[in-house]
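To keep things simple, chains are lettered A, B, C and D as they appear, and every chain counts its residues starting from 1.
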Amino acid sequence: MQPRTVWERMMRIDRRILYLILAVNIIGTLMVRVAIEPDIPPAVKSFYDTIEALQPGDMVMVSSTWSAGTLAENQPQFEAVLKHLMRKRLRFTIISFAPPARDISHRLARRIAEENGYVEGKDWAHFGYMPDIIIAIKGMSEDVAQTIRQDVRRVPIAELEVMQGIKSLKDYKLVVDVTPSDTLVSWISYRPPNLKILYCPTSVIAAEAYTFLDSGQILGIITGAKGAYEYERLLGIVGLGTRFINAIQFSHVLIIFFILLGNFAMFMQRRASAS
Amino acid sequence: MSYQHAEDNWFAAILIGFIALSVLVNIWRARQGKQLYIRRIPGLDAIDEAIGRSTELGRPVTMIPGLTGFGVEAVQALTIFKYITKQIARFATPMRLLTANATVYAVAQEAIADAYNEAERPDLYDPDSVRFLSSEQFAFASGVAGLIQRERVAANFMFGIFFAESLIFAETGNIVGAVQIAGTVSFTQVPFFVAACDYTIIGDEFYATSAYISREPVLLGSMVGQDLAKISFASMIVGGSLISTFLGTNHPIVQLLGKPQGWQPFVEWLSQALGR
Amino acid sequence: MDWLIEFLPSSVERINVWIGVICTFAIYSILYRENPFYRFFEHMYIGLAAGYALGPYLVDALYRYWWEPIRTEGVWWLVFVVPFGMYLYFIYNERYGWISRIVIGALIGAYSGLAFQMFSSRYLPQLHSALTKPLWFPPNATGEIYLSNIFNNWIFLIILISVMTYFTFSFEHRGAVKRTAILGRWFLMIGLGAMFGNTVMARMALLIGRVYYLLDSWLMIRVGGG
Amino acid sequence: MLFDTTQLLVALLWIAGAFALAIALIPLLGTLPPRGRFALISVVTFIVGLFFAAEFFLPVGEDNKNILTDPFQKMQGSLQVITALSLGLGTYGLVRLHLRNTVQRRPQWGYSVVLLTAFIVMAFFSIWNTMAEKGLFGLKRTPLLENAFTLLFDYTLIQLDATMFSLIAFYIFSAAYRAFRIRSIEASILMFTAMLMMIGIVPLGKYFSDWMGLPTTLTDEMRTNPFMWENILYNLRLPQIADWILKTLNAPVQRAIEFGVGIGALAMAIRLWLSLERGIT
C-alpha cells in the first residue's frame, strides 16, 4: 500500500508532524504579542453590568470547582471576577465542590486579596470543600452557618465578621459559578428563587448554556480564557486571558487552515484517481 | 426562577403527573400485548447498509459500547450489537466487541453468544471476539485504535456514552476507510462523530433504535409516553406564544405555564373569569 | 549565566518544578509512540489519583456526614448507614452478590426522587421563556421591542419546534412533518457546530496553559501581554 | 440517655450494635428466594425515592419548609456516605487487580508495583492530611506532611492531570486534518458553522471585520430601521454573526435538546423508581 500521488501522501501525513506543527505554532504565538481589541459579546457585557449594579458591601458567593485539569480556562476567569468584586468593594465567600479546587482557589484568592487590601474573615472567606453540592445549596438556602460550620481555616462561620447580617443564601445577591463541570444545573435547580447566577464555564460547555441565558436562569457568561480576556479588557487589567488570547486565536487559524487543506487534498486525490 | 417545592407552582406537579401517567399507561398497554408503533429511524438503514458493505469486503466489524460502566446505555448498546451480530452471522463476517468495563464485558459475552445461537450459527462464536482492553480512557482508546488499524476493519459501530476518546476512534476508523456509524447521548461528542462518521444517531434516537430492535414493552411504552410529553410541550409553546403575542407576555395563562409563583395569578384570574 | 543558575534544580522549589516538568514530558512522549517511560508515569498517575481520593472523599465524607452528626447532634439512627452501606462490598461475592443491589437500589431511588425538583427548576423556566417570545408587537410591550427581535423570535420558535419534531418517534414522518424533521436535523447541526467551535477553543486553551507553565515556571521566560 | 450518642461510649455501642445487626441479617437475607430478593430491592428503591419526591411535593408552611425538609439534609448526607463507600469499592477493585498481577508475576507486573507504591504513599499522606485538617486523633500538619503533600499533589498529580487533559488538543488537531471531511450536507453545515464560530469569537474576527470596513457601532437609527444598509453591513461583522448564531440559532437547538433529555430523564427516573427497567437489576 504505497501512496502514489502527492495528494495521497499529504492525506497520510505522519501524525507526529502534525503534532509538531501545533506545538511550534503555540509556542511561537505565546511569545509574540499582537494586541487586538476584542468586540465585547453581550453575554460578557451583561456579566460585567450585573456586578457593576451591586452596592459596596453586598454579598456574593463564588462557587469554584475547577482544578489543575482546566486551569488554563478557569484561572483567568476566577482572577478577573475576584478583582472585579474587590474593586467594587463587595463582600464575598468562596465554596468548592472538589478538594483540589479548594486548595487552588484558596491560594489564589489569598494572593489577590493581599494585593487589594482584603482581609480574610473580615472582607471575604473561603468555606472550604463540600462533598455534595445539593446538600450544600439546599442547606445554605436555610442556614449557612449550620451547613458549613467552619471556614477553611477552621474558624466557625458564625464568628466571621464578613458574615454579619447574612443568615442564608437568601441574603446573598449573586452566585458566580466558575466550573468545568455540571455544577450550574445544581445551582439552577436548588438555589433560593431570587438568587442571581453568573456563569464562568470552560468553553466546552459554554454553548449549551445559551439556553439558560435566553431564559434568564443565568445573567451572563464568560466563555473560557477567551471570555476572561474580554473581561480583562472591560476591567482594563492584564491577566492570563490577555497572555493566552493570541495563542488561542492563531491555533484556530491553524486548525481552519488544515481542515481546508485536508478537504482540498481529498478533492484533488479523487480527481486524480477518477482520471 | 427556581422551584424549592411543588407549591411554588402546582403546574409543575400537574405536568410531572401527566408525563408519569402517559409513560406508565403506555408501558402497561405494551405489556398487555398492544403493538405500539415506533417509526423506523434512518439510522437503522445506515446500520444495515454498513453491514452490507462489510459482508462484501469480508473484513471484520468492530463494536464499541462506550466507555461507561454497566447501565441503561450499555444495555441498550448491547441490544443493538446483538442485532448487528445476528445479521453478520449469516455471512460469517468476523466481529470484535471491545469494552472498557469488566461488567459490560461479561454481559456482552453472553449477549454475543446468544446472538450467534439465535442466528443458528453457534459454531461461529469465538469467545476471544469479545475483549476487555482497559478501563483507563486513553489506554482503551489506543487499544481500540491499534486493533482497528491492524485488522483494517470494514465497519465500525460505536454506541453508548463517549468522552474525549471518541475522536480517536473516529479518526482511526476513517483512516482505514471503515464505514462508521455512531450513536450516542453524549451531545458534546456528537460533533466529532458527525464530522468523521457516515451516520450519527443522536440523543433520543439512540433509545428509539434499541426500543425498535428489542421490542421491549418497557422501552416502547416509555418512548411513546415521552412522545406525548414532547407533543404537549410543543403545543404549550405554540399556544403560549400566541397568547403572549395577542394578550401580552404576563397574561395569567402564560404565567401558569412554567413561571414559579405563576399559580396564584392564574387561580385569581380563573375565579374572576368563572365568576363573571 | 544567572538564568542558568536559577534554572537548574538547586532548591527544593526548583526540584519540585523539575519533577513536574518530567511528568509533563513523560505524558507527552505518548505522542511520539507508546513507551516504558510513559507507562511508568501513567501507572503512577492512576495510583496517585486513587490514593489521593481516599482522604478528601472517603475519610472526609465519613467524618462530616456520619461521625460528626452522630457525635455532636446525637442523630443516633445514622449509625446504621455505614454497616448497611458496607453491603455494597458483597458485589464481589458470588453467593451474596445480590445483597449489594439493595444499596445500589437506594442510590437509584434517591436519584429518581431528586429528579422531580430538578425537572421543575431546570426545564420549566425554559418552557416559560420559550412561550414568552411574542411573534408580533405585543399589547403590553415593556421596554423597547424592535423588528429584529420579532424576527429572531420567529426563528427561535421555528428551530425549537423543528428540532423537537425530529426527536419524535411514535408516528411516521411523512410530508410536511418529514420536511420539518429534516430541517430540524440541519438546525441541530448548527447547534453542534457551535459546540464544536467552542470545544476546539477549550482544548487549545488547555494545551496553551500547559505550554505557558513550561515557559513561565520552568524556562522562566516572561510571556506575552506584559 | 439511651439515644444520646453525643456520649462517646453510647455512640460506639450503637455502632457496634448496628454492625452486629447488619452481619446477623446476612444469613437471614440469604434464605430469601429470588422473587423475594427482587421485591426487597424494589421496596428499598421505592421508599428512598418516595422520601425525596415527597419532600418536593408536600405542601410547605410559612417558613417554606415541610415535615421532610429538615431530615432531607441527613438523608442526603447518608447517601453521600454510601457514595463514598462505593469509591472505596472501586479502589478495592483496582488494588486487588494489581496485587494479583504482582503476586502472579503477570506480564508487565513491574508497572503494577509502581501503581501500588504510588497508591500507598499517596493514600497515607492524603488521609493524614485530611485528618490533620479536622484535628482528628490529635494529628497535626508537620513539615514532613506539608513538603511531601506539596510534592506528591501540587508537583506530580496536578501536573499529570493537567498534561493528560491537554493531550486532547493534539488529537483534535490531527483528527481535524485527517477525518473532518465534507461528506454530507450535515457534516458541511456543522463544519461551516464551527469554522465561522472559531474565527468569529476571537478578536481576529473583529480585526477582519474592521479591515473590511464594516460599521463598528450600532446606532439608535440602525436599531429602529433594520433595513438600513449600515445595519445590514453591521450585522455581517464576524463577531455579530458568531453571537447571533450562539443566541438565536444555537439556543433553541440547545433548548430542544434540553427538553428531550429532560423528559427522557424524568421517564427514566420513573422507570427506575418503580423498578420497571429490565436488564439492570
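The rule is simple: contacts are C-beta pairs under 8 Å (C-beta built on N, C-alpha and C of every residue); 3 or more make two chains touch, one makes a residue touch a chain.
This one's a predicted model, so the numbers in the text were calculated from it and none came from an experiment.
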item	value
Most extensive contact between chains (C-beta pair count)	C-D
Chain occupying the most central position, where position means C-alpha average	C
Distance from the mean Cα position of chain B to that of chain A, given in whole angstrom	31
Cα-centroid distance, chain A relative to chain D, in whole angstrom	17
Approximate Å spacing (C-alpha centroids) for the pair chain A, chain C	13
Approximate Å spacing (C-alpha centroids) for the pair chain B, chain C	20
Sites on chain C at which at least two other chains make contact	30-31, 46, 55-57, 60-61, 64-65, 114, 116-122, 125-130, 156-157, 160, 164, 167, 188-189, 191-201, 203-204, 206-207, 209-210
Contacts with two or more other chains, residues of chain B listed in rising order	1-6, 8, 16, 138, 175, 187-188, 191-192, 194-195, 203-204, 230, 233, 260
Touching two or more other chains - residue numbers and ranges from chain A	19, 22, 69-72, 131-132, 134-135, 188-190, 204, 207-208, 211, 214-217, 223, 226, 245, 248, 251-252, 255
List of chain D residues in touch with chain B within their complex	55-60, 64, 66, 164, 167-168, 171-172, 174-175, 178-181, 183, 186-187, 190-191, 194, 257, 259-261, 263-264, 266-268, 270-271, 274, 276-280
Chain B-facing residues of chain A, complex	12, 141, 188-193, 204-205, 208, 215-217
Residue numbers on chain B that touch chain A, as the complex places them	1-4, 8, 175, 187-188, 260-261
Complex contact set, residues of chain B against chain C	1-6, 8-9, 11-12, 15-16, 36-39, 41, 136, 138-139, 142, 187-188, 190-192, 194-195, 202-205, 208, 211, 223-224, 227-228, 230-231, 233-234, 236-250, 254, 257-260, 262
Sites on chain A touched by chain D in the complex	11, 13, 15, 18-19, 22, 36-39, 41-43, 67-72, 100, 103, 131-132, 134-135, 138-139, 142, 147, 154, 207-208, 210-211, 213-215, 223, 226, 229, 245, 248-249, 251-256, 258-259, 261-263, 266
